[in-house]
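Sharing a structure below in structure tokens format, with a few things to ask.
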């Protein structure tokens, strides 16, 4: 570096605009709204996009159009992509540690690797051949249920988000995620990880904004097949469940969650259908 | 003017051949106590590299290292962490795919098209698949927390050198075992490069040990007191010897042995695809495949038509240099194997079967054998009974489904079989009655890490691949 | 209906609609996965240096340079004809295209523009691309094109009739069109994208061959998917098998969606290995395309100069 005359001037940071993630692109909210996000000490960190019901609508359209290809991708391929997401996140450990802490980031990466491994094993564990009493070969297989609405937990902002999202897409569903209202920034940055991980656009759509405003639209949307209410407030859950009943959505209301424990099969099984096939046996 | 494809050779330099290769024990490369041998390129009989073979003392060192690793860091590690090592290996194989493919074709003689499109990607996929099991063993159907066996001795053949190493190592490590692996004497190179990959992946020393060597080293592994499990892929004769050797020792064993698979074609089969399947079934890897569809059983009503189509198709097969990207059929792996193929085909002619090969110019040097079809074969012929392990198809006919099943099962082997028909219920019915561990319907020679593979009868026991493959490495 | 009078009929076809139906449904099935696998495997052939040079020139000579737009004008067609006759003005060794392909009302323009060249004049007729018109209208369409000087007629089959199993209706229509063609060659467009299954492609191929089509052609280019490798495979098997049974050689034209030299060379490999090298000539194999020609020319430049070419070095059309 050359010695320059004059006083040293601090470099001016380039700050990031936090936007939505829909259909593989990063749009602002169609409403043009944003809301301030504060650190625990009250200082302003950034303004996040405040999604509207129309953004929910657009996100569902994107998720639906991505469903055909993602659900019919080979399980091997989905596993590779989930693993790729873990690799990309590993490369940005420091950035994410600044939102939360290193242990949280490490646990998140390991969780993605965990689900990457499930992609081509889940059907082997829950599928079956059925020894029916007759000359028929019958088997039962899990299939993704479709578009899943996910209300991400408020805490832990990164591990919680990935722990609810990864199982949804592992089995071939596509997702519309409402990020934690008070901690939306890790979610937006995580969308950047997704966008650089060979994950097809539209498989995951991520909205930031006010949960109480958006969740009812998601719960009532007739082209959403299931909804995860993990991040919905206890008081809102019953209303959302009633709205979800309109098109018989599958609803996941978890009991208390230990985010650090082995997640088991619960979340994978919440958003699959079982299909049984019969075929005669005879020459 | 006919469309002659110009040579399209893959560059030999991609293999990054070294003048010499060492064995891998306790995380370190070293010269073996045995003599150094030259591994040769079967396509031209030129030496490729020198390999320091292991001696009996190396086997002991390797087993001790494996035991230390098993008792030490490997058992203490969580499944998730073990899995991450396996993911690393999978990724490294993917990254070095082209190098490994060229190396494999040089050492084995198989066409680069196969090593590039089948052997190497499937090997990586095996590591990837079993990596994901390491932290999920409690879901595999063997109880809530199944335990590994300990030190596994693994002996693999020369027909799919890297892929067989992956089939053996990946499930063993996923389940928490440590391994001592011996590649075949004629094809040690890709396994020793895999050792490099394993070293670069920073696996704890001793978790994987790889010894080059011949039958004596294999025997030393089988006989070693501190080996808990033997996994062997190879000939039925050696498999029987291993089974006798371990009798009374309490060692676990899985055997994947020979085969004489029937490929059954019914008169309603999708003929063009059946022809492809027959070709793939017996000429894939020059027929040096234990599950090769070496017996074609065709329904008499379509036999002439099918054989005609088959011959026409075989006339388009390109036999030649393994590194040419347009080669379909490469070199036979060794002089010994070529001699066996020649002997059995001579027997076939002497027994009265009709021999046919498409016109093809075979290179002067190297071990080559033209794709060959025998018609007028009967069940009593040796070419209908003995595993030839070469590009030789024996054609038999049948009239009814019962006859097809009876002929297909009329062998001491029971590894695989094929069924070709457009009728789904017939597929299931015939599959139910075939005494074979893998049945392909309207396809043949498909391999996937999620799908268990292994034999009935003298084709061995135990399964590799899939959830079932875990059972071969767990104390269940 | 009158079945196959002027051309060779294989054994085993009855002389009536039911016989035709039995024959088509008696053809061996096509396993989709296997056919796709075979097509993909052929696509791994590596065609380099001298073989590639030969393939590129052969492919150029097989192009039916096509414009089938509502906005076509005599000027556009004249320009296309010039390009077909002399694809590379800077290099007289570049072969001419096989044909130009235009709507019937522009055939006359093409005839004038191509006088004295080897380039054939193909015209789509029979209410292309949908084929939804009366037989009389379709035949009139064909007569117009032939009268104007078309040497090749690309007709569409009635896919509606085919999909509802009225094979003899499709058959009779082809026979009638063939009769109107006179000396012009008839290419029968199956529109495989609407036939949906490879079994249907095989049946429609045989149907068109039995009815006297000189070529079977994949697509109009107006429907996606158009020509695909598995479809091409099944059609090449059909002409191969037709020859086995009748001794008669018929052509295959792949149309729609083929834009790159790489794809064209892969199809030539498929022709070579599936039908055989007898088919590797414009009389028996064609590409219906527009942008493909420029890619072939750019690859030709690349082989000549060793450097990659750009779109500014070939003419637009």
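The first chain written gets the first letter, and so on, giving A, B and C; residue counts start at 1 in each chain.
Quick note on the criterion: a contact is a pair of C-beta atoms (placed from the backbone, for glycine too) under 8 Å apart; a residue touches a chain by one contact, two chains touch by 3 or more.
As the structure is a computational prediction, the values presented were derived from the model and not from experiment.
Novice: If I average the Cα coordinates per chain and compare with the overall Cα mean, which chain comes out closest?
Specialist: Chain nearest the centroid of all protein C-alpha atoms: B.
Novice: Counting only C-alpha atoms to place each centre, which chain is farthest from chain B?
Specialist: C
Novice: Taking each chain's centre as its mean C-alpha position, how far apart are chain B and chain C in Å?
Specialist: Each chain's C-alpha centroid was found; their separation is 44 Å.
Novice: Just the number, please: Cα centre separation of chain A and chain C in whole Å.
Specialist: 48
Novice: Any idea how many Å lie between the Cα centroids of chain A and chain B?
Specialist: So the centroids are 41 Å from each other.
Novice: Of all residues in chain B, which are in touch with two or more distinct other chains?
Specialist: Not one residue in chain B touches at least two other chains.
Novice: Touching residues of chain B toward chain A in the complex: what are they?
Specialist: For this pair, the touching residues of chain B are 80, 83-84, 87, 125, 128-129, 131-136, 139-141, 401, 424-426, 428-430, 432, 449-450, 466-467.
Novice: Which bits of chain A are touching chain B when the two form their complex?
Specialist: Listed in rising order, the residues of chain A that touch chain B are 75-76, 79-80, 83, 110, 113-114, 116-121, 124-125, 137, 262, 265, 279-283.
Novice: Applying the document's contact rule, which stretches of chain B touch chain C when the two form their complex?
Specialist: Contact set of chain B toward chain C: 1-8, 113, 117, 268-273, 276-277, 316, 325-326, 422, 442-443.
Novice: Spell out the residues on chain C that touch chain B in their complex, using ranges where they run on.
Specialist: Contacts found on chain C: 28-31, 33-35, 37-38, 44-52, 54-55, 58, 237, 268-269, 272-273, 277, 280.
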